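Next come two complexes built around chain A: one with chain B, the other with chain C.
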Partner chain A sequence: MATIKLKPYKTPELYLEGFNISPDVFVGKSPSEIASLEGREGKTRIELGDFFEVSGTTGATASDTNILIDGDCSRVKYIGNKMTDGSITVNGNADMYVGGWMKGGSIHVKGDVDSFCGIAMEGGDIQIDGNAQNYVGCAYRGDWRGMRGGTIHINGNAGNDIGTFMLGGTIIIEKNAFIHVSTHAEGGTVIIKGDVQGRVGGQMVKGDIYVFGNIQYMLPGFKEIGMIEHEIVGEKAMFKHFIGDLGERHPKSKGKEIFGNLYLRAS
Partner chain B sequence: MAEFLIKNGFVIDPTQKINGDIADIAIKDDKIVEKAGPGAKIIDAKGKVVMAGGVDVHAHVAGPKVNIGRTMRPEDKLFKSPHAQENYRMEMGFSIPSTFKTGYDYARMGYAFVMEAAMPPLHSPHVHEEIHDTPIIDEGALPVFANNWFVMEYLKNGEIENSAAYCAWLLSATKGYGIKLVNPGGTAAWAWGLNCLTIHDPVPYYDITPAEIITGLIKTNEYLGLPHSVHIHQNSLGVPGNYAVTLESLKLAEGVKARNKFNRDQVMHSTHIQFHSYGGDSWGNFESKAKDVMDDVNSHKNITVDLGCVTLDETTTMTADGPFEHHLNHLNHLKWANTDVELETAAGVVPYVYDKDIKVCGIQWAIGLELALYAKDPSRTFITTDHPNAGPFTRYPRVIKWLMSKNAREETLNTFKHCSKVVDATDIQSIDSEMSLYNIAEMTRSGPAKALGLSHMYGGLGSGLDANVAVFDLNINDMPDDPQKIEDAFLRASWFIKSGQIVVKDGEITNHGNKRTVWVNAKVKENPQVTRDIHDKFLKNYTVGIDNYSVRDYLAPNPYVINVDVEA
Partner chain C sequence: MPKLITQVGCPYCGASCDDIEVLVSDDGKKILETRNACVIGNEIFHHVSNPDRPKRPRQRQTDGTMKEISYDEAIDFTAKTLIKAKKPLIYGFGSTNCEGMSAVARVAEKAGAVLDNCASICHGPSFLAIFDNGYPSCTLGEVKNRADVVIFWGCNPMHAHPRHTSRYSIFPRGFFTNKGQMQRTVISVDPRETDTAKLADIHLMIRQGHDYDLFDAFRTVLRGYDIPAEVAGIKKEQILEAAEKMKKARFVMIFFGMGCTHTDGRNHNIDAAISLTRDLNSITKASIMAMRGHYNIAGPGQVWSWQFGFPYCIDLSKGTHAHMNPGETSSIDLAMRDEVDCFVNVGTDAGAHFPIEAVKHLKKHPFITVDPNICMASEIADLHIPVRVVGVEEPGVVYRMDNVPIQFKKVIDGPEGVPSDEELFDRIYIRMCELTETEPLWIHVKEHAKASSSQVE
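Now for the complex of A and B:
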């Protein structure tokens, strides 16, 4: 696999929209061609070379192309936007919309990410070593089609609105989350290894949520129907099984109503 | 201003029965003239088609409904809003474009006039503010009347003269263009959580039927002698089997003669007829009744229709037919906005995805095209998509492509998952006819201009008409084998001159034009009872005072007023 390296040498004054930082766009281009790719700083058109030193080579296809961003991207948005293959590694933090509308390939951020990580993602893998802010794997504002596939793995904490309008795929939060998990979801799985404050599964139609820690405030729309043993992400445990959100419409399959499932680890 | 000579194009102008003759079109200031002076700027249209500016008889392009759509659908703008460009304003959105994009896109397609199809009278100031913000194109707006308390009370008692005096007052108060009916009586019934699904269902409280409202408003319209006829969205829109209701409503125009000084022949314009030509009694056995409906339209010269073609896009439905939007929301479970407009109307907004792989959507697509292909008189059958209800107006060129090319229809049909089911439920595969550029000019130019009573301004290239001329990169003698090129040509005019100014060159906007708001001022003789009724209702029922109701002149700063003197 060929590696193309972007070394940040200047911090943008406004936030930089790096929607062209993707193996699909970089493939077959020379470092100087990549340096002249378009980006935006506010309403100003910029070139990636204005902020990054570009070196290395790209592969013959996107899948053979690894992008290494060797430095901090706390002010760079849309890394891996709509990517379908290949990989991106960020040796530092990244701003909003990491892996947004991603269809395949993998992204590894070694620091923290801001909000909208994996927004409306359809496939591929995102690994965040640090924390994520809000809207992990959610839908775009107003849209009813959230994350459909792939995996987002956050090693730290995450904020609010995780998996809003989720339709498929998996989100794993290793530590704690704030509020609003799988709101309006119609599929997919969210696994939170730590605690959640509340509003878990509001208006959920279908899908699964696993919480290993506590839910401080349970929503009234969920009903406990029993205990069940599950093995999930390599951990076997007993869970209290809740169904909901009972205030929402639920489709029928073979004459049986389908609900969202909330599994809360029995301590 | 300037003079132009558009030289050597293939001129297509149904108003003068010109079909592709090579001729020059001369422009002086803002009018088409017989001859240009020696200093005229020459525009070379050799090998290209020259038509009048387009006229859109029905689109939802301005006002509170459209804005609710924009507000509730930020996702409509996602990846469809290019970064700011020099000399242009930002363009945003797809099915509910920003006002600037609306003006630009119509101009790129060579359209000169667009009728906003449903203005809630109470919110007419908002409608006019948006119209003013939409560059280049001339616009008018049709206030809705068929669920209005005044109208229902007058018509219940058979008081046509009072109904006419009220309608004339409302047209002038709202700077409106004509009389629009949306789900007559049904929207009023919606305030009780009910609907009128046939034209004989009584409206609760008012005890009047949709048939009586329709007949009464046709009489009112012809009493006033307005430029346009009543413009009606029939009852029972979008319901399987509704073609029977449609045929019954069309019958109400039987024997009625148009009375006006604007060269209009029809007494009823039945809009987005695609949504009203459904057979079957459920979505399971849903089928096309386009032939039955068009047979009726073909045999009645006092009726015009527009198509409301489904374009197989993700779009935003919006209508004053409140109960229909509620019904639609229960079908697709997406977002739903609903509003009541006191004493006057209601409205709803729901996003909708016309998925080519859903059988019903495929059949709807076929019905829209069948209606046009069955039309014996294209100059009474206009191309629309009921923008944005069946698809955005930027798909008109695609509709033209489908109408002009059987191959293009086949190509689309063959991508459907339920192709054979769509073929079984419609006649689309057995129709071989292809429409000509002349037919397209009838359906998008001369026809709608005449139906709106605007043939003295738009729709043709005769001298004395407004200087709205579009040049499209199509050779009438050597039409492209690839039908996609027809769509591309109509999407981006080579040249578009609007009111004597070049506003588009090679598909790009070059000028913000000088748009006008066209409205109708019908002068009736003093009617003390109606004046008293209006003042009473503002005191008792409206939440606004009468002084705050009317559209102030500054909101329509470039008016073109059509005066109608009503002879009682």
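Now for the complex of A and C:
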């Protein structure tokens, strides 16, 4: 696999929109061609070379291309936007929309990410070593089709609105989350290893949520129906099984109503 | 002989009363008396005669003092600042007419700015919920004539919209509600005992920030499922009693305010409220409405949705398309993240309404305020441009909280030489076109405005 390296040498005054930082765009281009790719800082058109030193080679296809960003991207948005294949590694933080509208490939951010990580994602893998802000794997505003596939793994904490309007795929949060998990979900799995303050599964139609810690405020629309043993992300445990959101509409299959499942680890 | 002008619109709250009568002096320059207006509306009309009102733009000097400059100089400064900035933010518009909003949209597009309105810190989350879940709403006339169960959720019209309850929601006698208040059941959901809550038949004193849980409880009950003994600090019996009132109603009306849109969950609270309204419609008739704050804060949503496809938080910096995603393109987030390098505050007071940290960030860059009066935003600005007061000195179209357009009147002449918002922004637009050597594009402009702006040229 060929690696192309971007080394940030200048911090943008506002925020840099790096919507071209993707193996699909970089493939087959020389470092100088990549340095002249368009980016935006507010209304000013910039070139990636204005902020990054570009070196290395790209592969013959996107899947053979690894982009290594060797430095902090706290002020760079849209890394890995709409990518379909290949890989991106960021040795530092990244800003909003990491892996937004992503279809395949993998992204590894070794620091924190801001909001909208994996927004409207369809496939691929995102691994965040630090914390994520709000809207992990959510839908775009007004879209009822949220995350459809792929995996997002956050090693730290996440904020609110995780997996809103989710239809498929998996989100794993290793630590705590704030509020609104799988709101309006019609599929997919969200696993939270830590605690959640509340509003887990609000307006949920279908899908699964696993919470290993505590839920401070359980929604009134969830009803406990029993205990169940599950093995999830390599951990076997007993869970209290809740169904809901009973206040929301639910489809019927073979005459039986299908509910969303919330599994809360029994202490 | 003083002249009585009737059917005047009131430029204060979102109820946009249009039955005000104003007594004007013979020379048409002074307001003597107003009738029908609430105490705040009355004050707005008399405010224009304040002798301390600024009548020329004032620019901050290097020693920190403000010095009067001409309108041409102010327009030139604003045009140059907007062109130079990489990402300007133009914010406000709660208190101006739709003509001014349309004019500023041309400026924003030319400047590659982010265009935002007060909804950003007000009913913006309601827009997001409406995008997600629709808006089964009605007009205030229908509320007056039909609603027999009225729910005030996180709002206090007795103080914020003083004539709302007497004109539309609690007291008036309508076609199917001819017994007025006697026929209406009022439910207030508020963590405090507000004056509206005191008027209510049922007051649900909710635990602050738990609106979503209570909406969920109502929806669960309506679908025939059981709920826990207490939800959001409210006993199950009280929730069942309120749910029973809603089910037995002929027409349920839910009004919601800042208590819903700016507590945790924000758009999700409204989203759940909309779902509850939809659920109620399978049992009886129900409708929902946002208690919009200013008399024309529904206006930018209408005007800009038509022009750009989005009601607020519109990022026009891309040049090719409008981008909207609150959380990124919303004023407070842009300010807190240091993502803008110029701020124009129009017809609102960001100095008073924004968190102090956001204002501190904005103050690092040029800060321009367009407002008829002295306010906090005008006093910290680098440039303050006074304009005429819409609804008093300037006519125009405004949208009431139920999105009904109303033509507001002018009752007296404005101070000499002071332009309206529309005239000011058209002149700034012309100056920007001159500076960039481009032809002005008069799209979405009315014929008479086009004529008057060419005279300015």
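The rule we apply is simple: the second predicted complex is superposed on the first by the 267 of 267 C-alpha atoms of A that agree within 3 Å, B and C clash if a C-alpha of one lies under 4 Å from a C-alpha of the other, contacts with A are read in each partner's own complex, and residues count from 1 in each chain.
The rule we apply is simple: a contact is a pair of C-beta atoms (placed from the backbone, for glycine too) under 8 Å apart; a residue touches a chain by one contact, two chains touch by 3 or more.
A quick note: this is a predicted structure, and the numbers were derived from the prediction, not measured.
**Student:** Should chain B and chain C be called a clash or a fit once both complexes are overlaid on chain A?
**Tutor:** Partners clash after overlay.
**Student:** Answer with first, second, both or neither: which of chain B and chain C does A:R148 touch in the superposed model?
**Tutor:** neither
**Student:** Is A:G221 touching anything from chain B or chain C once the two structures are fitted on A? First, second, both or neither.
**Tutor:** Second partner only, chain C.
**Student:** Quick one: is A:H184 in contact with chain B, with chain C, with both, or with neither? Answer first, second, both or neither.
**Tutor:** Touch status of A:H184: second partner only.
**Student:** Would you sort A:R40 into first (chain B), second (chain C), both or neither based on which partner it touches?
**Tutor:** After superposition on chain A, A:R40 lies in contact with both partners, chain B and chain C.
**Student:** Of the two partner chains, chain B (first) and chain C (second), which one does A:K29 touch, if any: first, second, both, or neither?
**Tutor:** neither
**Student:** Applying the touch criterion given at the start, work out whether A:K7 contacts chain B, chain C, both or neither, answering first, second, both or neither.
**Tutor:** neither
**Student:** Counting only touches as set out at the top, which of chain B and chain C does A:K240 meet: first, second, both, neither?
**Tutor:** After superposition on chain A, A:K240 lies in contact with neither partner.
**Student:** A:Y140 in the overlay: touching chain B, chain C, both, or neither? Say first, second, both or neither.
**Tutor:** So A:Y140 meets both chain B and chain C here.
**Student:** Which of the two, chain B or chain C, is in touch with more residues of chain A?
**Tutor:** Between chain B and chain C, C touches the greater number of residues in chain A.
**Student:** Which parts of chain A are in contact with chain B and also with chain C?
**Tutor:** Of chain A, residues 40, 43, 140-142, 144 contact chain B in one complex and chain C in the other.
**Student:** Spell out the residues on chain B that touch chain A in their complex, using ranges where they run on.
**Tutor:** 72-76, 78, 83-84, 333-335
**Student:** Flag every residue of chain C that touches chain A in the complex, lowest number first.
**Tutor:** It comes out as residues 85-87, 111-112, 128, 131-132, 210, 212-213, 216-220, 222-223, 225-228, 231, 264-265, 268, 271-272, 275, 279, 317-319, 324-328, 337-341.
**Student:** Which residues of chain A touch chain B in the complex?
**Tutor:** For chain A paired with chain B, touching residues are 40, 43, 45, 140-144, 249.
**Student:** Can you tell me which positions in chain A touch chain C when the two form their complex?
**Tutor:** 13-15, 40-44, 96, 115-116, 134-135, 140-142, 144, 160, 165, 179-180, 183-184, 198-199, 202-203, 217-221, 223, 245-248
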